[in-house]
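Heads up, the thing below is written out as structure tokens.
To keep things simple, chains are lettered A, B, C, D, E and F as they appear, and every chain counts its residues starting from 1.
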Amino acid sequence: MTQLKDLQVGDAFEGLYLIKQADLRQTRAGKPFLAMIFQDRTGQIGGNLWDADDHMVETFTKGKVVYMRAVKELYQGSPQVNKIFLRLPENTEPNNPKDFKPKSPVNEQELREYISRTIFKIENATWNRIVRHIFKKYDKAFFEYPAAKTNHHAFEGGLSFHTATMAQLAEKICEVYPTLNESLMLAGILLHDMAKVIEFSGAENTTYTLKGNLIGHIVLIDEEVSEAIRELDIDNDKEDVTILRHVLLAHHGLQEYGSPVRPQIMEAEVIHQIDMLDASMMMMQTALNQIVPGEMTPRIFPLDNRNFYKPDWQSN
Amino acid sequence: MTQLKDLQVGDAFEGLYLIKQADLRQTRAGKPFLAMIFQDRTGQIGGNLWDADDHMVETFTKGKVVYMRAVKELYQGSPQVNKIFLRLPENTEPNNPKDFKPKSPVNEQELREYISRTIFKIENATWNRIVRHIFKKYDKAFFEYPAAKTNHHAFEGGLSFHTATMAQLAEKICEVYPTLNESLMLAGILLHDMAKVIEFSGAENTTYTLKGNLIGHIVLIDEEVSEAIRELDIDNDKEDVTILRHVLLAHHGLQEYGSPVRPQIMEAEVIHQIDMLDASMMMMQTALNQIVPGEMTPRIFPLDNRNFYKPDWQSN
Amino acid sequence: MTQLKDLQVGDAFEGLYLIKQADLRQTRAGKPFLAMIFQDRTGQIGGNLWDADDHMVETFTKGKVVYMRAVKELYQGSPQVNKIFLRLPENTEPNNPKDFKPKSPVNEQELREYISRTIFKIENATWNRIVRHIFKKYDKAFFEYPAAKTNHHAFEGGLSFHTATMAQLAEKICEVYPTLNESLMLAGILLHDMAKVIEFSGAENTTYTLKGNLIGHIVLIDEEVSEAIRELDIDNDKEDVTILRHVLLAHHGLQEYGSPVRPQIMEAEVIHQIDMLDASMMMMQTALNQIVPGEMTPRIFPLDNRNFYKPDWQSN
Amino acid sequence: MTQLKDLQVGDAFEGLYLIKQADLRQTRAGKPFLAMIFQDRTGQIGGNLWDADDHMVETFTKGKVVYMRAVKELYQGSPQVNKIFLRLPENTEPNNPKDFKPKSPVNEQELREYISRTIFKIENATWNRIVRHIFKKYDKAFFEYPAAKTNHHAFEGGLSFHTATMAQLAEKICEVYPTLNESLMLAGILLHDMAKVIEFSGAENTTYTLKGNLIGHIVLIDEEVSEAIRELDIDNDKEDVTILRHVLLAHHGLQEYGSPVRPQIMEAEVIHQIDMLDASMMMMQTALNQIVPGEMTPRIFPLDNRNFYKPDWQSN
Amino acid sequence: MTQLKDLQVGDAFEGLYLIKQADLRQTRAGKPFLAMIFQDRTGQIGGNLWDADDHMVETFTKGKVVYMRAVKELYQGSPQVNKIFLRLPENTEPNNPKDFKPKSPVNEQELREYISRTIFKIENATWNRIVRHIFKKYDKAFFEYPAAKTNHHAFEGGLSFHTATMAQLAEKICEVYPTLNESLMLAGILLHDMAKVIEFSGAENTTYTLKGNLIGHIVLIDEEVSEAIRELDIDNDKEDVTILRHVLLAHHGLQEYGSPVRPQIMEAEVIHQIDMLDASMMMMQTALNQIVPGEMTPRIFPLDNRNFYKPDWQSN
Amino acid sequence: MTQLKDLQVGDAFEGLYLIKQADLRQTRAGKPFLAMIFQDRTGQIGGNLWDADDHMVETFTKGKVVYMRAVKELYQGSPQVNKIFLRLPENTEPNNPKDFKPKSPVNEQELREYISRTIFKIENATWNRIVRHIFKKYDKAFFEYPAAKTNHHAFEGGLSFHTATMAQLAEKICEVYPTLNESLMLAGILLHDMAKVIEFSGAENTTYTLKGNLIGHIVLIDEEVSEAIRELDIDNDKEDVTILRHVLLAHHGLQEYGSPVRPQIMEAEVIHQIDMLDASMMMMQTALNQIVPGEMTPRIFPLDNRNFYKPDWQSN
């Protein structure tokens, strides 16, 4: 069974794939066909199923796993599958849609344990209590949601994986710069993207909620902190509270990117830089995974529209 | 008694003025002098009191009203007073520092009545209750604070005067565009700068508080709304609440100016434009008041560093 | 008869519409079809008429009113009409293309009366004479032309409607700020976009003329003022003339938008802001009219590519 | 007699110089002194004349030529003259202020002849007549005015020298690119800055006039062309007229620099580039003239704040 | 035989053309067709050859000259050829692909002679030796390569033609400004784009090499100079060497365009401006050549997305 | 003996300090005084020594260590020392200027050992040989030079300290992201700023050399690599060489900051981010060291002109 990322143009192949999209359309001559996108864990590819009869339209719907036999070709410079034959899986063939979606490189259990240990390391009692309070409230969603709609970490569990990776970086960077307050670094990182569970509609078919559109996750986490301190009876005028809120509000670094204030605490600046580092690493790695050594990736818009070269030591 | 704005270079004059600043310094030859700034309701001017003996240093201190006889001259292109003689006010001479500071063109009583009538016009019950709740909490400060530290409406009562002027503009603009929701316009305007009473240290010698620096009045008012709805037991997920919060968060118009979200509700966009209009009117009028027809004002930094011409129909 | 703006995806409908465009094309298989756009007063929608024979091609041409029966569907995310049946209107069915185009919300007669009253309010004799002179010259075109090729007020009569709305705003804003010179405000507004009657080719199928492309309406109105003062024998060196010309030249606010000078007269700045306000109101309202409450408009490029939310109080 | 540009720090020197500025000031101890700036054809330098008695104040006034003996020193990093002795010129010593100001490298007579020959080369009758008409009107001022207030060609006759140099460049560039219309190039260049004679107050102590400030030389020359065609009875709708006006309006190249339209005719683009070339050459040469080989000039703001290196082949 | 640039929409025509591209595709109904682009010396145009059988697919391949009979039509606003009939050239019909590609306006022999004379004019021995050394090394490629992949001078021999035109401009500009060091101007121009022979893959089907992508021609020519001075045993610390390297590194003018240093030598600035002038002339001329007088060109992206008007004196 | 960073305004203090600057000036009344700047390891402060006689002028010169008794005061908002008494150190009092300059937090021996171990970790033979070759050539200077003229790491040994800190960060970040090529990371970091030893004049009174100004350290290190591969007889066309050169050329991240190419290799991007992180950490820490908790630092220009808050856990 061939993984989509390993297919070369011209390859005839077969295997099981998930139908990500299946739209009924008409040719200009009026004949119905299905415009489909197939995916597996390693990538995705589109193609048209011509002469789709009613049975096919009802059978091959979005979200189903199917067995496909087809050829990968180029159409106007973009790869697609042609000469498609489809059938439903039989007997013991894998059948679970979840197995065909990209997933976090680390499993949820490990992430839970790491996050839990990390919370334990926050020595400042105020911050520790606030973090615990908010994690208890959003525990389930935090380990399910992606970290972004389309760019980096846009997979189930992406939010917790991104958060955990940033926390790891913070621990290591604090070893190099002992003047950084590690408790603040960890508290800030654990909460910084948490309100994406309010901003986004869910882990699947992620869209923005009304609050996501009109308020945004940066102000929404600030509101969560306000609510937490009230419920925990922490003094709102305590400097530690103001500083934690600043770190969260400033984590996009620039006002152009939606932070109402720029980082003006040393830890706020470093958290912002760590966030950028992990986001760019994830985008570069994802793009480089799709190509073979000696090629350049397509241009990556959020990385200033740069494309990246894959040297020969990066085998797939 | 001459008002400072009417003084020409070369004029010898006398009158009562407020000492805004009085710093003891030394000439290069080691002799003490007082570097002073005097003000009245119409403007301010600096000058040095030479050969200041201990008695003078103790007498002529910041915040005192004094009788001055002096000459207005130019020093390196900037006006200053020279040949200064000072004494304290006598008998019935005016003596109240408040009378020598710029003040709101409208008195507090009128402003209070206008604001009160305006709140009454907010027909949406949710918004009306939130506005009343927050106005009750910050009533006193709202009518005392300036609207800005240095640029526009930087005088005692400036915050309420700016707010009331914007509300007047909103009422008139809603007559032209009946599709605008007047309740939302008024609620948004009444609250938009309210958190400056938290951002600023006070009505006098205004500086930024720690929360002002690290969080800013835009997020602080959002927090006030969150607190209000909890205390008033309003549902946080109500669309009206999200919309009011959006209008407040977006009122700076651009993320570069500290709004975490850009206006995406029609009323949010119009409030932003009204805010710009009133701020620029106040800055232009203040600058034009300092010059005579036929001249150009100094460059005004927040107005893209433009200078403005005073035509002859604008007498002082 | 269904209005286009009220159609839902999936609706089968019928009614009379105007053919805005009808291009003969070929399918890839070589068969002719008509690529059409239909419009009524409330919106427009495209669709293909398949298997178009010679008779159909000759009958269903651009500018004709037709009776259509069809279904609204989605094609690659954009709405279009399919399964189209067309015939010409019969008997008493409406047949006048004018009735199927968007039009100014106020009729020409009311606009003419309002503009006439407004000119009367210009008390400064110089400005009044110049305005009258130019209005006499371009009277007819002024009430026919749109205010823009594609963005705001891009309908017949849009120029006069936009101008009148701005004048109304100016009158109201002058009540709030009595230091503004109302005569200058009105004279500036009445003339500011007048040279669009030279810049544009006409009220229908509007394109740019050579002068529009190479000189632009901002400099063209300046030239009209120069010509007017010569014909009226007004002294070109009079300060009032220079000021009026400045107000007109500066009305785009920024040099990047084609104003050779930035506003440096208080009234010039306010006129620029009123212009922006009315243009953005028109663009927001137009976009919001196309959608139902709870949705967001498509992104509006000249409003910094923002999309706007339609709250539920905005019924259609 | 030492030229100012040849003075080294530490040099004691004497010679005749022009007083460019002489302001009476007081030391902090109350003693009067004259803050002066001296100039000759090659540069200028400031210094204070201490203990200035009434006679000195009356004698050594702005605009007088004086004999000075002094020492060039550094004060806070900037050169100034100290230990100043001054007297008026005697007998046959040079006495004419004009001889102490920077001047055009080419004399007026040569410039007049070159300009006259250049007009003759404009073969298009329309452009030729317009150019002649406007040159006749402003002949005197054109050969007296500077081309800029402070940056490039800021000397008497600078306008005609800059214009002539650009015309020379145009003739040579047209030899390389024969598709360029040389008549249009020359007509455009001859007129492009002509309205600086309206924008500026005069050749001495140049300031901006009201029209200069509020309208600017780009629109002012457009008005001159409009007036010329009317007086010459040339049809305003002739394409040649529109093109000439476009070339003049577009010569600043970017709207940010005050051109209401960007160059959209090939010749307009090239004229803009020639203008930039001559302005930057003049600024670089002027700055390099003030320093010795091996040094870098001060930063030149209008050249993106760059400083330039003077290689050893550029002796003074 | 009709040249492509002279074809009007609607013209039926015939003639010999080069197949620039021929991709086999399928209609939605599954029928094969060839998506083709044809070119001659004056332009290019696309079109589809329907019902392409195997023989046609094998015969009409990229790089072949063919006889075509067809009609020029508009498809969605863009011109294409339809109703295509193709056959191979017969007997004495022209058959050489080279004759159907755009070419340098000057032939290689003339360019070689001009370049040779120009090198001879470099009087500074250091620069002369470096230039000779590098020209000897890359002689062949220099006269074959284009000067750019897609924008200006993107034809065979474009690199030498662009270089020679710039040298001509430099000679003429040095006559106007005698303070410019002509030897440096010529040496800098001759070498400035030379490393495009390393940056590009070749004269045909030009792509970027790995060094082109990751290092770029600006640093690559610097490396060539370093190598040359070592082989010629010239002292690397000589000021002349540093200056030549600076001129080459700075020739893109702005760091945003890939120059690691901005021009800080007068000659470096002027070379940059000459480079811009020739590039923009070539782009404007090429675009204007495709249209008839009275039209505007399509927008030219590297010229700030402007479009240019073709006046009637520019016949084709 | 009081350290400068611990002085409060108003403190009378005494101790040994280094004279960083001592300029002879005159009061306006003509009396000589010394304008001085004093420094110790923790900071610096200015002040004037009045009535400086010839002996004092000769004794208290730049570079001498002196015993000072004085008072710290504010003059126009900036701290300075007044009422200064100075004498030379006596007997056993510290006398070595080096002890009064800021220095690297780690001593040279430790840095040398760390760098040596780091080179050893470069497993790729090509990169290892190139790094060794260049380190051998510039060994001495590398451990003496600062990393910048004024901003970050502007102290003796700053270059090696900055390089070593970045290498530490790289090692830790590679643990988090195992797909990064650690050899390339380390080789790139070790060389990235090495050419500052050519760009700067030396460790003391650092200025830019001619090559520093006109070529810059980014291209200079590229040249060093070219020379190294020639001397080591490594093939210039090897991909590893091109990649290393790319990493060095791209380390400023943006072309605006002088990189001729943007990072297009994953490791190049990460090295750039590590460089930014260490530079900003050093600037923030240095600024925070000068103030007490509860204050904000002055604005730091290269950090987007932000100022930073010092929370109370950051004792000095």
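FYI, a contact is a pair of C-beta atoms (placed from the backbone, for glycine too) under 8 Å apart; a residue touches a chain by one contact, two chains touch by 3 or more.
To keep track of the chains, here are their UniProt names: A, B, C, D, E, F = HD domain-containing protein.
Because the structure is predicted, anything quoted here is derived from the model rather than measured.
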{"item": "Starting at chain A (HD domain-containing protein), fewest touch steps before arriving at chain D (HD domain-containing protein)", "value": "2"}
{"item": "Chains in simultaneous contact with chain A (HD domain-containing protein) and chain F (HD domain-containing protein)", "value": "B, E"}
{"item": "Centroid comparison with chain F (HD domain-containing protein) (C-alpha atoms), farthest chain", "value": "C"}
{"item": "Distance between chain centroids, defined by C-alpha means - chain C (HD domain-containing protein), chain D (HD domain-containing protein) (Å)", "value": "46"}
{"item": "Inter-centroid spacing, chain C (HD domain-containing protein) versus chain A (HD domain-containing protein) (mean Cα positions, whole Å)", "value": "43"}
{"item": "Chain centre separation in whole Å, for chain C (HD domain-containing protein) relative to chain B (HD domain-containing protein) (CA means)", "value": "40"}
{"item": "Where chain A (HD domain-containing protein) touches two or more other chains at once, by residue number", "value": "27-29, 210, 213-214, 239, 243, 264-265, 296, 309"}
{"item": "Touching pairs among all chains present in the structure", "value": "A-B, A-C, A-E, A-F, B-C, B-D, B-F, C-D, C-E, D-E, D-F, E-F"}
{"item": "Chain C (HD domain-containing protein)-facing residues of chain D (HD domain-containing protein), complex", "value": "210-211, 213-216, 218-219, 222-223, 226-227, 230, 239, 242-243, 245-246, 249, 255-261, 264-265"}
{"item": "Chain E (HD domain-containing protein) to chain D (HD domain-containing protein) touching residues, read off their complex", "value": "165, 168-169, 172-173, 175-177, 179, 181, 239, 243, 262-266, 269-270, 273, 276-277, 280-281, 284-285, 288, 296, 303-304, 306-309, 311-314"}
{"item": "In the complex with chain B (HD domain-containing protein), residue positions of chain F (HD domain-containing protein) that touch it", "value": "27-29, 31, 33, 48, 50, 75, 82, 296, 309"}
{"item": "Residue numbers on chain D (HD domain-containing protein) that touch chain B (HD domain-containing protein), as the complex places them", "value": "25-26, 28-30, 210, 213-214"}
